[in-house]
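Please read through the structure below; I'll follow up with questions.
Chains: A, B, C, D and E, in written order; residue numbering restarts at 1 for each.
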Amino acid sequence: MSLSLSATVTARDVEVALDVEDGQTVAVLGPNGSGKSTLLSVVAGILRPDAGRATLDGHTLFDVAAGTWLPPHERGTALLAQDPLLFPHLSVLDNVAFGPRSSGTGRAASREVARAWLDEVEAGDLAGRRPAGLSGGQAQRVAIARALAADPRLLLLDEPMAALDVTVVPAMRQVLRRVLAGRSAVIVTHDVLDALLLADHVVVVEAGRIVEQGPTKDVLARPRSTFGAGIAGLNLARGPVENSAVRTSGGLLVAGLHGDRVVPEGTAAVAVFSPGAVSVHRERPGGSPRNVYPAVVRELEPRGSQVRIRTDEIAADVTVPVVAELDLAPGTEVFLAVKASEVAIYEA
Amino acid sequence: GSSDDASRGADAPKATTITVFAAASLKGAFTEIGAEFEKANPGVTVTFNFAGSADLVSQIQQGAPADVFASADTKNMDKATGDDLVDGTPADFATNTLEIATPPGNPAKIDSLDDLARKGVKVVLCAPEVPCGAAAVGVEQASGVDIAPVSEEQSVTDVLGKVISGEADAGLVYVTDVKAAGDQVVGVTFPESGDVVNTYPIASLAGSKSPEAARAFAEFVTGTKGQAVLAAAGFAKP
Amino acid sequence: MASASWSGVPRWVWVPAGAGALFIVLPLVALATRVEWGSFWSLITSESSRQALLLSLRTSGAATVLCVVLGVPMALVLARTSFRGQGLLRSLVLLPLVLPPVVGGIALLYTFGRRGLLGETMDVLGLQIAFSTTAVVIAQTFVSLPFLVVSLEGTLRTAGQRYEVVASTLGARPTTVLRRVTLPLVLPGLAAGAVLSFARALGEFGATITFAGSLEGVTRTLPLEIYLQRETNPDAAVALSLVLVVVAVLVIGLVRGTRGSQP
Amino acid sequence: MASASWSGVPRWVWVPAGAGALFIVLPLVALATRVEWGSFWSLITSESSRQALLLSLRTSGAATVLCVVLGVPMALVLARTSFRGQGLLRSLVLLPLVLPPVVGGIALLYTFGRRGLLGETMDVLGLQIAFSTTAVVIAQTFVSLPFLVVSLEGTLRTAGQRYEVVASTLGARPTTVLRRVTLPLVLPGLAAGAVLSFARALGEFGATITFAGSLEGVTRTLPLEIYLQRETNPDAAVALSLVLVVVAVLVIGLVRGTRGSQP
Amino acid sequence: MSLSLSATVTARDVEVALDVEDGQTVAVLGPNGSGKSTLLSVVAGILRPDAGRATLDGHTLFDVAAGTWLPPHERGTALLAQDPLLFPHLSVLDNVAFGPRSSGTGRAASREVARAWLDEVEAGDLAGRRPAGLSGGQAQRVAIARALAADPRLLLLDEPMAALDVTVVPAMRQVLRRVLAGRSAVIVTHDVLDALLLADHVVVVEAGRIVEQGPTKDVLARPRSTFGAGIAGLNLARGPVENSAVRTSGGLLVAGLHGDRVVPEGTAAVAVFSPGAVSVHRERPGGSPRNVYPAVVRELEPRGSQVRIRTDEIAADVTVPVVAELDLAPGTEVFLAVKASEVAIYEA
C-alpha cells in the first residue's frame, strides 16, 4: 500500500512531498515545530492543507485542486500519538475491538480480532482491565494493538514512545520492530535510534521543508548536511581538501581517513567524527593525535552519563568524573584532540 | 387528559369533562360546587383553573380550553364578551365586599377603617390595577379615609400572605377570603364596605366542546345549590 | 503541590463565609420549624398534593428528556463548531436562566398560544398546546434547557476532541464517534446537567402559571399547588415546600456525588 | 490536535440543535413582535416604569455587592478547605438555584419577618426589614448568591493553589496572598459570577413579591411592574419585558466576553 | 544560615535527616518518586511531617513533638520549582518586588530591590514585560530573581531547569552558579552536571531514605554504592581482589589500575569504569585490551548522540553509526572490551 503525498499548509509554513512504498517504514526526523505532526495530520485527514494531493494505494485521499476530501474514517490510516488515548470507558479488549466494530464487524468477531492483536503486542493478559489501571508502557502497547486491529492500510505513529518511562522504551521498541516489519508506516521520532531500528528510510524535516532523505544507514552514517550530522550526533567539518586533510572556514585542518575513493586536493569535502572520539585536556597533549586544537568551553550539556562539551567548532563527549577532575566550566581553556583514524573524510 | 375523554366517551356517551376558569377567590366555594354538580350530573367531570381574573381572560384569549368563565369583576368579563368569546350573556352570581383582615389577636387593635390611616400601622392593599385593589380605592374614595399602604400587592393571596405571617398589621381583602383563611386571620368588618360591591359574573364560553354541560354548570352556580354554597363561603347575592 | 496541611485561607474568611451560609441555611431551617409535623404526612398525601407531586415528577421528567434531546446537540454545536453569530446565539440560549419566568411565560404564550406566532399553524394541524400538560413541559423545558446546555458545553470543552480524533482515524463515522466515544466520555457532565435541569423544572412556577394555567391534574404542578394552598391552607403549603426542598437537596447532592467521583 | 478543519459533529446534529435554538429564540422574537413600537418609548419611560427600572438597577447592584462580600469567602471555604459536612453544605448553598422563588420568599418571611426566627431580635435592635427596599435586596441576594458561589468555586478549583503556595513561601501572609494573588487571578471568574448574579437579581420576582411586597419606588422592581401592568396595560408589560431581555442579553454577553478573553 | 532537619512523612514513606551548613549548596539526587520534592515541601512548610524537627539558623521551623509549626510565610525559605509560576497579573518587576512588598517594604523601595535582582540574573531589560510574553528561560530567570529578592535565609530549588529547553539550560546554569555561590541552598536535580557545577555536597535519596552523601567530587568520582555509580553513569564491578583484578559474582575478572594504595589480594574492592571506555565488537578483538567479555545485547538506549548498549553486567556507550554498522539489536551476541588503563580499582 503505497502513499504519495504533496501538501502545503500555509498557516504553519509547511510544504512537503513524501512517498512511502508498499511495506516500507519511513522515519520522519526533525526539530520541534518543524512540521512533523502537521504532515501526519494531513495524511490522517484531521487537518486540511491549502494545496496538494495524496493517494494511498491508488485511492485519492485528498486533492485540493479537485476539491476531493476523504474524512478521516474513510482513509484507512490509523494514527497513534504520544499519548495512548485509550477510551477510558471501555475495557482494554473493547478498546482494541473499537476499529473492527466501527467498520461493521460484529461484537464477537471484533473481540476475536482484538484478542489476537493484544497477543501480538504481548498484552493478552490485560484484556479485561480498564485503561486507568495500566502503566504508560502497557497503555501504549494496547494503543498499538488498537491501531493495528483497525487494519489500516497505512500506520501513522507520532512519537509513540516520547511519553514513556525510559525503562519501558526498549521493550516497546522491540514490539514496534516486530509489528512494523513489512508494513507501510510513517513514524515521527526525535530519537535517532528509532530511525535506526525501525525505519527503512529517513526523512529529515526542518522548518516545514524536507532537507534530506534516503536509506536510513546512508543518512545516519554519512550525513551530507550539518543538520543530518547533528541528528547522528557527529561533528562535521566542511571545506576544501588540503594535504589530504579538510581545511575549515574557521582555519582548522582536520586530518582523517579517506574512504574507498581518495578525495582529490582542493575538492569540497566533509570530515565527520564522533564527539566521543574527541579527548579534552587542560594542557597540550603530547603523543599520537595529529588533530589538536586549542578551544574555549562554551557550554556543558549533560547527555545521560556523558557531558557534551561545546566549543565554537567542535563538540566533545566526556564522562562526569572527567568534568569534575578537569574542573570544566564555561570559559575554561582546553585542548581538544582527535585521532586521525577516528575521522572519516568524503566528498561533500 | 384527552385520551381519557375519548375512552370514556366510547362506553358512556354522556361522559364529559368541563373546565371552569374561575377567579382565585372562588377556589373554596367552586371546589365544593364542582363536587355537588358532579353528583347531580353523573358522567360529567369538572376541573378548575384558579388564577387572577385578568390572567384567566388572557389565557382564554390565547385559546385556553375553557368551558366556563367565572370572573371576580365585570371589567374582565367585558373583555371576554368584547372578544366574542362568551356564549350568550354573562349572569351575575355573587357579590363580594371588602373586609379588614388582621393577624390573630389583632395586635394593632384595628377596629375601623379609620384605624388603617393611623400612623405606624402597617397596611397592605391590592394594587389598584387588580380587582381587589380597585375596590380598595373605591372604599377610600367613598369614606374619605386616606390609607398609606406599605405595599400594594399583586393579588389577594399576597395580601393575605402578609397578614397571616404577621408582617402586616392589617390588609383589605374580601369577606370570603377572611372566611376561607379560618383562624389564620381575624376579620374586622366596617360599614363603608357596602359602598363598593364587587360583582361576580359567570358565563359559558363560545369555544366550549361541551356547551350543554357548560351552560348547565353556569346555571347550577346561579341555582339554589350553588347559591347556598356561595353564601356559606361568605358571598352575598347579586 | 497542594497539600492537605496548607489551605492558605486566612482565618477571618470563615466569618463572612459562615454568615453567607447562615443566610441561606437559616431560611430553610425557619421553613422546617413552621411545619406541623403532626399532620405533615396527611397534608402531603392529600389527593391534590399527590396529584400535584405526581404531575410535577412526570412533567419534570419529560422536560428533562426534552432538554437532553435538544440540549445535547446544542451543546455539541456550541462546543465543537464555530460560526458567525455563535456568541450572540450563546447569549440568547442563556437568557431563560436570568429572565423572570413570568416574562418567559408571556413569550411562550405569544409563540405557542392560539394567537401566537406559531399558533395558527398549529391550530390548522390540530395541535393545541397552551394549557395542556404539554404546555407545562414546554415551560419547564424553556427555563431548564440553559442549565443542561451550559454545563454540558463546559464538559465537552474540558474533555476536548482528542479521543474523537483517535476514534475517527480508527474508522468510526461521526455518528459512531458521538455514540460510542463522545457521549460516554461526557456522561457524568451530562448526568449533572440533566439532574440540574430536572431540579429547575421541578421548581418552575412563573412560566407555568402564565403559559399553562393551573388545572388540577393537568397543569397544576407542585409549586402552583403550594402557591394556591398558601391562602387557604398555609400548613399544607409549608409542608409541600419542605418536600420540594428535600427533593431538590437530594437531586443536587446526586449531581455533586456524580461530579465528585470524577477527578 | 483539534483543528479548524475537523469538527467531528455529525451533520444531523444540527437539526435538533437548530430546533433547540429556535425553541428559545422564537419566544423572544414573538415577544418583540408584540411590542407597540409607536408607543414603545413613552411606555418604558412612564413614571412608574422609570421608577421600577431605577429601583431594579439599584437593588440588583446592592444585591451583587452583597453576593460578592458573602460569596467570595464562601467559595474560598468550599474550594480550599475540607471539613465534615462540606458536601451537604454545598448542596444547601445551591438550593436557591432550584427552589421555586415563592417558596424562597416564604422561607425568608419566616426568618427575617416580624414573627420570624430572627424577627424579634431584629425588632429589639430597631431593624425593620419587611416592606423596605432592604427586603428586596435580601430576596435578590438569596436567589443570586448560588450563581456567584458556584461559578467562583469552579474558577478557584481550576486555578489551583500553586501560585498561592509560591506567594506564601515568598513571605506573604494569607490575607496578602488572598488580596494580591488569589483574587486578581480569579478576577475574570469573579466578574462572570457577579454579572450572572446581577442578571438573576434583575429578573427576581417570586421571592420579592412574597417577602418584600410591592410598593412603587420602594419594593416594586421591574419584574413586579411587568406583572402588574399585565392586568391593565399589556402593551407596557411587553415593552418592559423587552427592556429586561435586552439588559439580560447585554449582561450575559458581557460575561461571555470576559470569559472569552481568558484562554 | 544553617539548616538542620529530620522528618518523617509516613504516607509517602519518606524518612530523612539533612544538614546544610552556612553558605553551602547541597544537591539532592535520586530517582523519580524517591522523596526529593517531599523533603523540600517539608522544609518550606507546605507539607506537615508526621515526626521530626527542623531548625534554621537556630530558629525552630517545626517540631512535631513540641507541636511547633511555623507557616510558610514566616520561615524565610523561598521555594523555586520546575514551573516558574510567575504571577500572570503582575509585571516582571512587580513579580520580583512581591517578596519585599510582602515583608512590608514600600512600593518604591521594593521595586528598587527588584531591579537590582533582575540585573543580577541578567534580566533587567524584562522589567516592564508581562510574564505571558516571556520565554521559558526568561521566566525562570525572573523566578530566580523573585526568590532571591525575598531575601530568603535558605533557598530551595526543585529541579529549576527541568522544564527548560536544552538550549537555554547552560546559560541558566551559569546564572545559578553565580547566585548560589556562598548562599545556603538545597537544589533537587536529576542532572549530575548540576550537582557537579552548583553544589558543594551531594545527597542521594532512594525510596525515601538517604543512601549516600558527601562532598560532590568524592561521590561522583569514587561512588561506593551501585546507585552512586549509576548517577555518575559508570560501570561498577564489585568483588574480592584476585591477581590484582576484581572477580565479580558473575565470574568476570576485571583488571585495572590501583590508586595510591594497592588493594591487597582477597579484599573486597570495586572496579569502576566508564561505559564510554567499553568498545563493542561482533568478533573477539585481538590486541591490547586485557578485559574482553562475551555478552548478549539486552537493550539499546539512546543517550543524546550516543547509544547505551546494556548487557547483563556491563554497559557500553557507542555512537549511532557504530550501532548501524554492527547492526546491533537486542539479542545480538557481542564482545565487550575495556582497556585496563581505563579501570580504577579501590577498596569497597
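Just so we're on the same page, contacts are C-beta pairs under 8 Å (C-beta built on N, C-alpha and C of every residue); 3 or more make two chains touch, one makes a residue touch a chain.
The chain lineup, named per UniProt: A, E = ATP-binding cassette domain-containing protein; C, D = Molybdenum transport system permease.
Bear in mind that the values here come from a model prediction, so they are computed numbers and not experimental data.
Undergrad: Could you run down the chains that neighbour subunit C and subunit E together?
TA: A, D
Undergrad: By count of C-beta pairs in contact, what is the leading chain pair?
TA: So the chains sharing the most C-beta contacts are C-D.
Undergrad: With chain centres defined as mean CA positions, report which chain is farthest from subunit E.
TA: Chain B.
Undergrad: Just grab the chain with the largest centre-to-centre distance to subunit A, centres being mean Cα coordinates.
TA: B
Undergrad: Find the geometric centre of each of subunit A and subunit D from their Cα atoms only, then give the gap between the two centres in Å, rounded to an integer.
TA: 56
Undergrad: In whole angstrom, how far does the Cα centroid of subunit D sit from the Cα centroid of subunit E?
TA: Each chain's C-alpha centroid was found; their separation is 54 Å.
Undergrad: How big is the gap, in whole Å, between where the Cα atoms of subunit B centre and where those of subunit D centre?
TA: 35
Undergrad: Using CA atom averages as chain centres, what separation in Å is found between subunit C and subunit D?
TA: 16
Undergrad: Which residues of subunit D are in contact with two or more other chains?
TA: Subunit D, residues with two or more chain partners: 1, 6, 106, 110, 162, 165, 168, 173-174, 177, 227, 230.
Undergrad: What are the residues of subunit E that contact at least two other chains?
TA: 45-46, 72, 81
Undergrad: Using the touch rule from the top of the page, what residues of subunit B touch 2 or more other chains?
TA: 55, 58, 161, in rising order.
Undergrad: Would you pull the subunit A residues touching subunit C in the complex into a rising list?
TA: 44-46, 71-79, 81, 83, 85, 87-90, 98-99, 102-103, 146-147, 150, 156
Undergrad: Within their complex, state which residues of subunit C touch subunit D.
TA: Interface residues on subunit C, with respect to subunit D: 1-2, 6-17, 19-21, 23-31, 33-34, 69-74, 76-77, 80-81, 87-104, 106-108, 110-111, 116-118, 141-142, 145-146, 149, 160-162, 164-165, 168, 173-175, 177-178, 196, 199-200, 202-206, 223, 226-227, 230, 237-238, 241, 244-245, 248-249, 251-253, 256-257, 260.
Undergrad: Please name which positions on subunit A make contact with subunit E in the complex.
TA: Checking each residue of subunit A against subunit E gives 166, 169-170, 173-174, 177, 191-193, 196-197, 216-217, 220-221, 232-234, 274-276, 298-308, 317-321, 323-325, 329-330.
Undergrad: Considering the complex alone, what residue numbers of subunit C touch subunit B?
TA: The touching residues are 109, 113-116, 119, 123, 128, 130-133, 209-210, 213-219, 227-228, 230-232, 234.
Undergrad: What residues of subunit B sit close enough to touch subunit D in their complex?
TA: The touching residues are 52, 54-55, 58, 122, 124, 127, 129-130, 149-154, 158, 161-162, 165-168.
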